[in-house]
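Order as written gives the chain letters A, B, C, D and E; numbering starts at 1 within each chain.
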Amino acid sequence: MLQYIIRRILIAIPVLFGVTVLNFFIINLAPGNPVDMMVNPSATPEQLAATKHALGLDQPVWAQYWNWLVQLLHGNLGFSYSTREPVTQILMAHVGPTVLLMGISLIVGYLIAIPLGIICARKQNSWIDYLVTGFSFFGISIPHFFLGLGVIYVFASKLLWFPTGSMNTLGGDGSFIDTFNHLVLPVLVLATGIGGNMVRYVRSSMLDVLGKDYLRTAKAKGLSQFLITNKHALRNSLIPIITVIGIDIPLLIGGAIVTEQVFQWPGLGLLTIQSITSRDYSTLMAINLLAACTVLFANLLTDILYAVADPRIRYD
Amino acid sequence: MVVQFEKEETYLHMVMRRFLKHRLACVGVAVFLLILLIALLAPVIAPQDPAKIFNEFEAPPSAAHWLGTDPVGRDVMSRLIFGAQVSIAVGIGAVAIYVAIGIVLGLVAGYFGGWVDMLIMRLTDVFMSFPYFMVILVLVSIIGPSLFNITLVIGLLGWPAIARLVRGSVLSIKEMDYVKAGVALGYSTPKILFQHILPNALAPILVNATFGVASAIIMEASLSFLGMGVRPPAASWGNMLTQAESITVLSSQPWLWIPPGLMILLAVLSVNFIGDGLRDAIESQNAK
Amino acid sequence: MPLDQEKPLLQVKHLKKYYPIKKGVISRTVGYVKAVDDVSFDIYPGETMGIVGESGCGKSTTGRSLVRLEDPTAGQVLFQGKDLATVSQKEMRKLRTDLQIIFQDPYSSLNPRKRIGDLLAEPLLAHKLATKAEAEKKVNEIMEIVGLPKQYKNRYPHQFSGGQRQRIGIARALMLRPKLIICDEPVSALDVSIQAQVLNLLKDLQKSLNLTYVFIAHGLGAVKYISDRITVMYLGKVMELATTREIFEHPKHPYTEILLNAYPIPNPHERNRTQMVIEGDVPSPANPPKGCVFHTRCPFAKDICREKAPGLTGKDHLVACHFPIDEGKA
Amino acid sequence: ACGGGGSGTSGSKTKDTIYLGTVNPPGGFNPINTGDIGGQFAIRVMLDAFLDMTSPLKFQPKLATSIDTSDNQTYTIKLNPKAKWTDGKPVTADDVVFTFNLIANPKTEVAVGSNISTLTGLDDNGKLTGGAKMIPNLKKIDEHTVSFKTKKPVDPNYIKEMIGSKIITMPQHVLKDIAPEDFSKSKYVQAPNVTNGPYKFVTYNKNAYIQYKANNDYYLGKPKTPKFFIKIMQAPNLLSELQSGSIQANTSGGIGNLPFQDVETAKKLKNVTTEIHPQIGFQTMQYNTKTLPNAKVRQALAYAIDRQQIVDKLLKGNGEIVDGPYTSQSPYLDKSTNVIKYDPKKAKQMLKDAGWDFNKTLNFVVPIGNKVREQSADIIVQNFKAIGVKVKETTYDFPTIMQKGKAGDFDLLLIGFTFNLDPDVSALYGPNGAYNFMKYNNPEAVKLIAQGKEEPDSAKRKTIYSNLQKIWEKDMPVITLYSDHEVVVKSKDLAYGGASAYWPGTVANFQKWAYKK
Amino acid sequence: MGELLKVDKIKTEFQTDKGPVTSVDEVSFDLKEGETICLVGESGCGKSVTSLSIMHLLDRNGSVTEGSIRFEDKDLAHASEAEMRKIRGNDISMIFQEPMTSLNPVLTIGDQLTEGIRLHMNYSRAEARSYAIEMLKKVGIPRAEGIIDEYPHKLSGGMRQRVMIAMALSCKPKLLIADEPTTALDVTIQAQILKLMKKLRDESNTAIILITHDLGVVAEMADKVAVMYAGQVVEETDVYTLFDNPKHPYTLGLMKSIPHITNPDDMRLNSIPGSVPSARNMPKGCRFYDRCPHAMKRCLAEKPELKPIEDKQAHSIRCFLYEEEEKDYEKKHAEKQHAEKEVSS
């Protein structure tokens, strides 16, 4: 197992390298220059040149890449082009809120979706199955921004139950209740999508497992339906569920761009959009790199979880 | 088990029959066709030029403007109708691009194996490691937001999933006896690849592509919503919704945001239903 | 019947097929599945060579190697004197018209997206041996030969029953008029009442078309019915090779004996006979026992069996055993 | 979107905190290298300029009690002797000299270089040349007095505005050891810890808020309200936040204007007052004089644009129409020139007369980022279409626009400006102006621009600039589309505070901002 | 020996996407304590469905629509799910064809074994475990103490089938249903399993329903045999009668069509022409009509009943031939051709 993990990490290195190359060159394809974004009306070409030089933007792309890579290997993600803050610091400030938002959304989504998916599979073609399936389709089909605007309209603007956005009340007590209040609506939006997707996977993988021979064996032993479903079937349907979770984990980093925008949630999504508008390449590259690492980590985690869930899977 | 002659039923017929049993999928087809029709006939059926500016800005629905006018005095109804073109174009265009790329790469990787496979798979790893939406956002912002560009970007980035799918199918189909029989009969490699393997790998691609259309539609809408997609004065459902980012619009001018939102939902939902129906129809066949 | 003066159609010489097992950080090859391990035999024109053995003993791998669907790890397969491993791609393609294979699973051996007519015509067209019209005529002929109404030409494989599909598989193999057909368990997936139809068909075709068969099965009954000679395999090795009659009446290898004995006899009056039942499972081909591969289950195993692998010896009745069962004892 | 946190539980009840809503997050707190107005505004809450301009050309002393000159060439800054840094040290002439020299150091990245470029020994970028380390003639007279000299006599108002209200003095004793090239990456510019303004920096939560606390030892008086927040939000949320009382005012100006859509709603709100004020910023459409060399054509196109509709409908009446770079806020606006009136018939006729090829498609380039401007572009396209002129509208983000502009890769280009009150607009009209994408070069105008810049006398300058406006009207290298008004909304709970009628004056008296008792 | 099970004319239907399908129709047989009955027949003839019907283990879309299943004094055809749960694994247990898929891959052998033991026998965890080890030893599993904590994938097919047998027999059921327990195994392993089953049967006096399509296995194991064709029992009798004196044309054909190692060298196999009719277009009359060499006109339209034939009390067949012994076969054969013409016209 350990050997397997090492091997996976070794494989991840060239992949990550590829990611950085692609990342860097894509971003540097851009016409225009981040420096143009920062100028004030009286800036002269010489001044721009000086700024470019200060940022190393006057070098050829490959040299810029090399510098960036060398810095990266020293654990330095560089400085924001726009605010000159260390990028690491910027990322740190934004990772937390996104992870909080997405983490809670994933948990809420799963907690609702997994039992519902099981019920649907158990009661295939019943009214509850149709209802939940209908909802899950709604969940995966509705764009987050539309749903977000909708819930803001209903719950924030009309009913005044929840705030329309951001993460805390400014100058508030910063209590958990306050954050919770701010979390409700964006979590509602995100969990709808996450849950909708999950319900469908749980349902179909459960249906798949429910048709398996060994469940008939379990039934032939006289076990109760509850035990059959939750002891025998559930663990077997975990593999597809783990796969979905593995795909969802990277959402912790990059999954909420639109929702964060709609709710002004001060996370990585918002940072991304801002970095795009301000052409803050160094920040953008760092975000992408972080996201790519998350994807690779999630893949590894998924594979490890497979082995935990299914004793047939052993890596060596 | 013995399979009996029942009717002259081809594979397509059977898939069709199963598909037609899926009621929601049929509704999906109907709705999607309707949207397709609206898109194709937009210039004919739209009451107004979608870019034309009337002197009433933000007017509520009236006989002249069924869904009112937007903040720049354009007819919302007409924009809604023309918006269908965008969604359809991105949805189908982008998916067509990436399916084509994915099939070729997947076939090559799966059939030839070895270092070619290794190379292509690492490349898919690289592409799949990128946060999809984020990269599209960045790329589009870089090469400039436009219908063509987002179609291209989604198309150029979407292929890894298809490539993996095709590769997987090829690897398993390659082991099927009918392919072995083909080799034993001395068929050429391209013949085996394209006549024996590809047709049998198409079904899951079709399902995947259908869901891909749905996600491309959402993607376009989201990009346009963020201002990185189709830009006004061109009408897209996503950019029409941008206007709802205002409490005033949200609470007192519902005609500006509810119709485009519903249209996106309807389009995506219909495609997802079609995908689900196809999957049921195709996969239960494969199971038998 | 194999006649000594005749030249063999196909010669298998020390055929080995090892599948590597990969492990570790850099996918090192840590061992091999010895699917086929040093198998040799000759096949003469017009005969049927049966290959029997338990699941996983390498029958199919051997069969596939004979038509070069597998590249052997070592050894040679000579078809009419030509080594299949060394001929060029082009020549191989030509040779394939003489070498055909029929598969076990009638469901996976036909491309589900092709009509039967096209499926059957395809080999001729691909080798440019006939025009479309000629091919059509040949298809009609062959369908009649294998007993399928020719109006079924436009149907898809899934519209046929297993037996019919197997007939289609046979028909396809026959399209190129091959000399040798490898039948890899052609009846095991079929219903009992259908098996007889297919076996009879194969037998009849052999006679009328002068075919040579390699007939792989793990049911001894079918092998006995159709074969002239039988190879008994165990863990990738040949245990015994003799004429059908010899194998059944004077088995020399304990394994053959046990195999024959393990078959339940369809006669309730004999149910109380003493049966020789061996305990234990077939060892893994990734880790075969040292010495004689059968020693772990052999009731007669002696020390030498655990150390030294016996060679295949004998003239017409070959056996790989240090202590073959002799006439009197059996 | 609609985020913002308009929860009922806001801190407004506590009356010890004022929340100011803004839209543009500051790009940083570097006092000498912050190009964006959002940042400049945020800096001024904690760091003082020498003077504040509270209404056009009216200056109010701040860190400096006065900036005087007798010959329009040698200027003396007298610092307020009571001024202190938050670490207790006095603000001295050394700090001023340090700041000026740091700006002038070629290695320092700055945004205010051109502000001091009139000083002796400095080039056009305000940088020292020839390896010099110090600005010549920049002298510490005494502990609280500094003098400097300009290359030529200049209008004192220019100095008061460009240096007096724009240069922010920084603490030498804190910053002297930082290498100039590293200054823009230093800790200080992320979180200024030693300041001299009414409020002290507490924390900056990017995209959410900047938190300040009162500097109780402030030399102009202890701030009336202990806590101060600049809250960052999307423009559409300003209204709901104002309504709910989670902010007490908007910053207004280019960084926190209430969307015009919301103005009517705001006016109806009971808890706030809403004022509309003209400003000096304006939106233009530049013509590429290389591809549209005929001034008649350019004029015709100007006639074709229904600017009144833009102002009336899009801006909901909250704007004004001028043709040139001076709005009604500018003392230099020449009201005698006639504003071009929308007249599509005339436009078409003029084009015909000028021999316009109606098959030609104009390349119309529009930057992303200002929604109203984007929408005005759509209207303009329709206006042109109405007279049969074909245009192809493409949108780009700002850096790309800059590139296209510089490359002349456009026929028509929208861009907005907020220059200084000082009438010098050579950046736009000058032949080497950074924003002269039109490639406009009329020798007569060039001469007048140079004269205007050098003329120290205000009245004479006015005549020069009047003449210039006439020339520009005739040459029409660029047409001003509109100047949108500032919408200033503030809570009725405030006794003092909110954006000023003349926007730059907003930063003048933060220490006085307070709730009603 | 008392009567244990009486299956009486059950009919099992499935709802499929092409409409309802009757898989088992009028299947009857009975079984005494300690007796073994074999159900033989080709693939798809309804053997498994019959056994699953008894256990109420049919797929969700299937149900017994007619007939009764008396087990001791209960009617299983109308038993509730709760009642069935008490019976399953306790009074009746079952072994399935596929040893590879019949054990839950994610639970240890011990988990799966003790589950039923604890449920039906009220053993504590430790008791159940030691009992399970005992059972494993009984079915001849070496290293039972170690194997009990292994996952199924570590075991070979034969071993797994032994585990299944241990599981099935652990609660000392009165009836064991074994659905092709050896079909997936190699002959040498099959011989082991059959031997084991015989031994256990003799020890415990459990009645067995053994499903197979191998007549050899039938000859080895059965007391009674029911031959099934297309969802019906066509012949039922004791094993000796069946092999010595088969009556139904299908049984006869089947016996002659199987290549067996004891067959004489030059015997040509008798192949039954055609194939089994599909459930959806079952012939109206005799279901074997199409393939029967002795079919008569009445076979086409009339449904034969499963009836005891006169010569022997315990021998029932579903065929008209033996009702009208006196008529000679030739004539009937001629009639068949005639009847066919009539139908096709």
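Assorted remarks:
As a working rule, contacts are C-beta pairs under 8 Å (C-beta built on N, C-alpha and C of every residue); 3 or more make two chains touch, one makes a residue touch a chain.
Everything numeric here is computed off the predicted structure, so don't read it as measured data.
With contact taken as defined at the outset, subunit A and subunit D are each touched by B. Interface comparison, A-B versus B-C: the higher number of contacting C-beta pairs is recorded for A-B.
Using CA-based centroids throughout, the chain positioned farthest away from subunit C is D. Computed centre separation for the pair subunit A/subunit B is 22 angstrom, with centres defined by C-alpha atoms.
Computed from the mean C-alpha positions, the centre of subunit B lies at a distance of 49 Å from the centre of subunit C. A separation of 89 Å divides the Cα centre of subunit C from that of subunit D.
Here the CA centre of subunit A is 54 Å from the CA centre of subunit E.
Residue numbers of subunit C whose C-beta contacts span two or more other chains: 161, 191. Along subunit A, residues 30-31, 145, 149, 152, 157, 164, 261-262, 277 each make contact with two or more other chains.
Each of the following residues of subunit E touches two or more other chains: 43-44, 275-276. Only residues 51-53, 55, 57-58, 71-74, 141, 144-146, 227, 231-233, 244-250 of subunit B touch subunit D when the two sit together in their complex. Within the complex formed with subunit A, the subunit E residues making contact are 55, 57, 59-60, 84-90, 93-94, 96, 98, 101-107, 112, 115-116, 119-120, 151, 153, 164, 167.
Taken together, the subunit E residues at the contact with subunit C in this complex read 42-44, 140, 156, 158-159, 186-192, 194-195, 213-220, 222, 239-240, 243, 253-255, 257-263, 265, 268-273, 275-276.
By the touch rule above, subunit B contacts subunit A in their complex via residues 24, 122-123, 125-131, 133-135, 137-139, 141-143, 214, 218, 221-222, 225-226, 228, 238, 241, 244-245, 247, 250-251, 257, 261, 264-265, 268-269, 272-273, 276. In the complex of the two chains, the subunit C residues touching subunit B come out as 64, 67, 69, 92-94, 96-97, 99-101, 103-105, 108-113, 122-123, 126-127, 154-156, 158-162, 169, 172, 176, 191.
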